[in-house]
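Shared between the two complexes below is subunit A, which pairs with subunit B and subunit C, respectively.
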Partner chain A sequence: MRFRRRILNPLTELTIAGLLVVLVLVVDDWRFSLAVLLLLVLPAAATSGRAVHIAVAFGVLAGPMLMFLLLLHGLFYPEGERVLLDLGPAAVTAEGLLFALEMGTRVAAFTGLLLTAALSLEVSELLETLTHRGWNRKLVYVLGSALGLAPLVADRAAQITRAQQARGLVVTRSPLSKLRALVMVGRPLIAGLLTDAADRSRTLDARGFAGTGPRTSYRADTDTAAQRAVRWGLLAVVVVFTSWWYVGRHT
Partner chain B sequence: MNSSLTLPSGTAAPSTRRILLIAGAVVIAATYLYLVLVQPAEIAGGAGTPAGLTTLLGFLGGGALLVAGILPGLNTQAVVLMPVGIALNISFGQLAGTLGLPIYLDALGTVLIGVLAGPAAGAATGVLSNAIWGLFNPFALPFAAGSAVIGLLAGLAARWGMFRRLYLVPVAGLLTGVVGGLLAAPVAAFMFGAAGTMGTNAIVAAFRAMGDTLLVAATKQGLTSDTIDKLIIFTVVALIVYALPRRTRNAFTFVRRHRVLLGASSGDSGSRDESAAERK
Partner chain C sequence: MISLELESFAYDDGAVLADIAFSLGAGERALVVGASGSGKSTLARVLAGQLDAGQGHRFVGTLSVAGEQLVFAGSGSDPRIDPAAWAQHVGYVGQRAHAHLSMVCASVAEEIAFGLANRGVPAERMHVLVDLAAARLGLTDLLERDPRRISGGELQRVAIAAAVVGNPAVLVLDEPFKGLDVAGRRDLESLLAALGESGTAILLFEPMLPRDAGPATRVLVLSGGSMVPVDQDVPGSDDLGRYGVGVEGVAANSAPLAHAVGEDRIPAIRIRDLSFGYGAEPVLSVADLAVSSGEAVAVLGPNGSGKSTLLQHLNGLLRPEAGRVQLYGEDLRGRPVGSLASTVGHLFQDTDQQLFEHTVLREVAYGPRAAGRSRKEAERCALQALAAVGLADAVHHHPHDLSFRDRRLVALASLMATGPRLWVLDEPTVGLDLRGREVLSGLLRRHIRDGGILMMATHDEVFAQAVCSRMFRLGAAAAAG
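Right after this comes the complex of A and B.
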């Protein structure tokens, strides 16, 4: 189960996923989207070592979306002319079903590509690559800090909710009661987070966060010159292909 | 208090940053105009049209340009606040689900940072929030430009003193929701075929049944859902900010300089005088 593919740098994986998303949007054909999904995303997710994690996330995010697409466009597509089934205000049309198929495969490929890349990467390795590549230090800090804070904030929110419930907070079905609960949980949560942030701000300033000099990283650079070349090369290929697809193909 | 005494306060040249900001705003506006004006042919045509690509690259790229222009100019205090806002967006988005609220609440952190640290920090928080959330939920990614505008408008509303008069807060939220809804509609329509949650889907289906094009239906749905969502978010943020200890909320340079909140100037209780708080 601990079999992780550790061939490429996270930045390279994200770049490849992003460029494939661009290709899926450019070609905009359900057969191409389906091919990307089955021939690239599926093997990549299966060998990532986090296949179950990716599958669950994909199901939770894309599942309802695909169902809604089918319902929405399968039943309500006023532009459709070939009516397969008339249901009064709703009508099943061939054009609507085709649109749902095209959107559905596109959405599935988009979700699959990005989720597979994001869920199989090591965040710390990504941040360290960005530092070595000279990305804005503030940006790298915001990325790393937000990813670290998110589970912490969720934890603290749950704790505060339980504490307020112990003090008599009861959430009824009325929206006003829910809104009150939101403020009762939000106020101590945000007050605590802001105090922490003020402390961090002073600590960072004392350590020269605002300085502009060059930085060193404790961790070694896992990025290679070859991967950098591959990233730029792939980007160039996608740009050339896209311009040919929209301009050159028709002339 | 925020500027370091020992290090030179070197940032990118202001002119470069201004060019990036203008470029970002132009890209986002041009993307929106292109999508809205060219839309009728696009959505019926289906395959072979660059609407989806334009939506993703235009809104995400415009957002990236905005961040590149804003980030070098922010002080440490604002930079440290941004991850807090992003984490709040994510956890309140989830909390709205667990409380069973029919709204998203996923811009609460963005609005909070806009109010406490200003429009620039708010806009950058919006973009980065969607970019980071996009790692776990790719559907958030193309909505980055809309989030930037929400953070920007929240900051501007705070700067123009709308948070000093509590009855203006819901109005500011409503207006922000209108702009946010308009910007989100083409993303929903061209990237995802207007599929969203159960509630938003029912609204889109109703407008489609009346014969609206997909973009018009998505826009009407956005205007309905986003205005209510932002109205509630602005109100909740105002309630929370006013309930914070005075020392905490007065610690923010933006809040003090622009007298964002009632009694935010000097800390004495006599500063509730409206005329004194009007203009310095």
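Right after this comes the complex of A and C.
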């Protein structure tokens, strides 16, 4: 992942992504959601070095939801009056399409924001930053292992499936066969991960992880005072903006 | 430096040590040898201060390290060992090196520094210590690599570097040579010699006595949880054999095998112009290989020469990039791996990754069940296979509660239960003790005598020569066979 862009500290990137999600939900306007999607998410994902991963994950997670929104509201919107196409029991209405557009851009914007942030995140750098900022080390570890667990679980699941296949589990291209393989791998996977976790907890104890004294960090702090200021500043702006949007705007 | 006077030690589940006493001074080295289940790993963990192992225990004895003496009376008021403080005096690496990784470090350097960082060692000092440990263990070029993406031998060295980075007086290593080839062993051996010269006391635990243990190494023999006296000057194989300890490089059952090679018109295995690589890097190329019924072929070559890769082509776990793999004249292309299980039995290098059920019987019956046999029939096959490996009385145990030798034999029984003609074994002797080797060689001989076929990847040439009729070498010189 060495080729990815590196402009901001991961904590700053995560903060920005989180605040943008809040803004998308607060503003609730398809033009704003679309602007976030096209002007921020798209360039960030494209330059993340993991554009394909993000695109695939986006397709899998948001794709069915977007289709569903379009079908449901596009065809069966109850308050729809301006009928564009009458299909008997169903009707394509302008209001329905607008509603689907609003919901769809919102879902797409926040799925895109969160996926781009999560999939292009350098976990270890984030953990270093949190350590330098003095966060609780156990919280940092739980966060780190949760974020870093996915590839480990995938490796382990693949090993178990290979062992099962070598002993006669036939996995074909059919979805049913794949589903069966997934079910077969579940219990031994969890049992194996628990054994690993027990071993690892002894290792962590022996390596002083349970200690209560101050922890240092091998890597230099990549966070800067400016970025810290930007994070707090952005947080303040979003809080003020949200308050104004809901209360101040209407008075 | 370190001394132990152990009267008794027992876990709640009954694993027991008794009557063990020794002490080790600065720069000295001791080798604890014992059969599988003799209590080696338990003793290693006691010395490493990891007494609990997730369950209750009772320890009566005295353990001293670096001038501090801890007396245990087996009561609730016994001293409690702080594993982190202990690790500063006694570095420890167990058998599963990957369990010694923190899993949150992005680079080898951070992984080595993890313990120091947790103790609050300043960054500059940490860099100095990490560079020093890396240089000692030949890891300088790997410092920026992802520790989750390095080879087993490299991982082993990272785990040792992490254990010695704080410069502990004692280093305890449980089977550090497992799975290393000749060059890997030699590297690790010289690293240990350098550590010894700098004053580190080293305790190694092994199932077999190495032939080149060296006169400076004290040999301690563990049998049934206790230390037994052996002649220190010449620990001969007869003497050790009584305690189930073999000497490496001495073959069990070395009577020559009469191979009844079948005169098949079509060879059982036929490989032509096979090539395979991970990414752009070619790993394996085999021009022509044919194996007939009744043949036992040892696949030899250094780590990374493609031995496992070749074996995994024989049941479709890997597919060739170019060339053909045929079994009994039939091309494996398009055949799902699972449909070959009754023809090809595959024993993986890492046994623990192969075992996934919660009782031995279910584990061994999995294959016949997957092949469509009834539960009763599958269990009959499983019991037969377990009896053949000598584990008929372990059917209701959890595989992971067995000793390493028995786990390996369960894995072997699980492939035998489906009755495949072709046995494909990846490093079957690694970590096995004398008894395990004897059982294994007996089973292999019977299989070949009955007209079966064996393909076995191994570093153990002596074992290969005792069991196999043909050697197939992979590596720079003879990749084409």
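Here are a few things to note about the model shown:
Rule of thumb we're sticking to: the second predicted complex is superposed on the first by the 204 of 251 C-alpha atoms of A that agree within 3 Å, B and C clash if a C-alpha of one lies under 4 Å from a C-alpha of the other, contacts with A are read in each partner's own complex, and residues count from 1 in each chain.
Definition applied: a contact is a pair of C-beta atoms (placed from the backbone, for glycine too) under 8 Å apart; a residue touches a chain by one contact, two chains touch by 3 or more.
Just so you know, these numbers come straight off a predicted model, no measurement behind them.
In the superposed model, A:Leu38 makes contact with neither subunit B nor subunit C.
More residues of subunit A are touched by B (comparison of subunit B with subunit C).
In the superposition on chain A, no contact is made by A:Val237 with either subunit B or subunit C.
In the superposition on chain A, contact is made by A:Thr111 with subunit B only, not with subunit C. Looking at the shared chain after the overlay, A:Asp28 reaches subunit B, while subunit C stays out of its contact range.
Contacts of A:Glu79 after superposition on the shared chain: subunit B is touched, whereas subunit C is not.
Of the two partner chains placed by superposition, only subunit C is touched by A:Arg167; subunit B is not. Once chain A of one complex is fitted onto chain A of the other, the partner contacts of A:Thr195 extend to both subunit B and subunit C.
By the touch criterion stated above, A:Tyr141 is placed in contact with subunit B and with subunit C alike.
Applying the stated contact rule after C-alpha superposition, one finds that A:Asp205 touches each of subunit B and subunit C. Note: residues 141, 145, 148-149, 152, 171, 191, 195-196, 198, 200, 204-205, 208-211 of subunit A belong to the subunit B contact set and to the subunit C contact set alike, using the contact criterion stated above.
On the side of subunit C, the complex with subunit A involves touching residues 48-50, 52-54, 83-84, 86-87, 92, 94, 96, 99-107, 109-110, 113-123, 126-127, 130, 148, 162, 315, 317, 336-339, 341-342, 345-346, 348, 353-358, 366-371, 400, 414-415, 418. Within the complex formed with subunit A, the residues of subunit B that make contact are 2-4, 6-11, 43-44, 46-50, 52-53, 56-57, 67-68, 71-72, 74-77, 79-84, 86-88, 90-92, 94-95, 99-101, 105, 108, 112, 116, 128-129, 132, 134-139, 141, 191-198, 201, 204-205, 208-209, 211-213, 232, 236, 239-240, 243-245, 248, 251. Here subunit A touches subunit B in the complex through residues 21-22, 25-26, 28-29, 57, 61, 64-66, 68-69, 71-73, 75-79, 89-90, 98-100, 102-104, 106-107, 110-111, 114-115, 118-119, 136, 138-139, 141-143, 145-150, 152-154, 157, 171, 175, 178-179, 181-183, 185-187, 189-191, 193-198, 200-201, 204-205, 208-212, 242, 246, going by the rule given at the top. Those residues of subunit A that touch subunit C in the shared complex are 122-125, 127, 131, 137, 141, 144-145, 148-149, 151-152, 159-160, 162-172, 188, 191-192, 195-196, 198-200, 202-211, 213-220.
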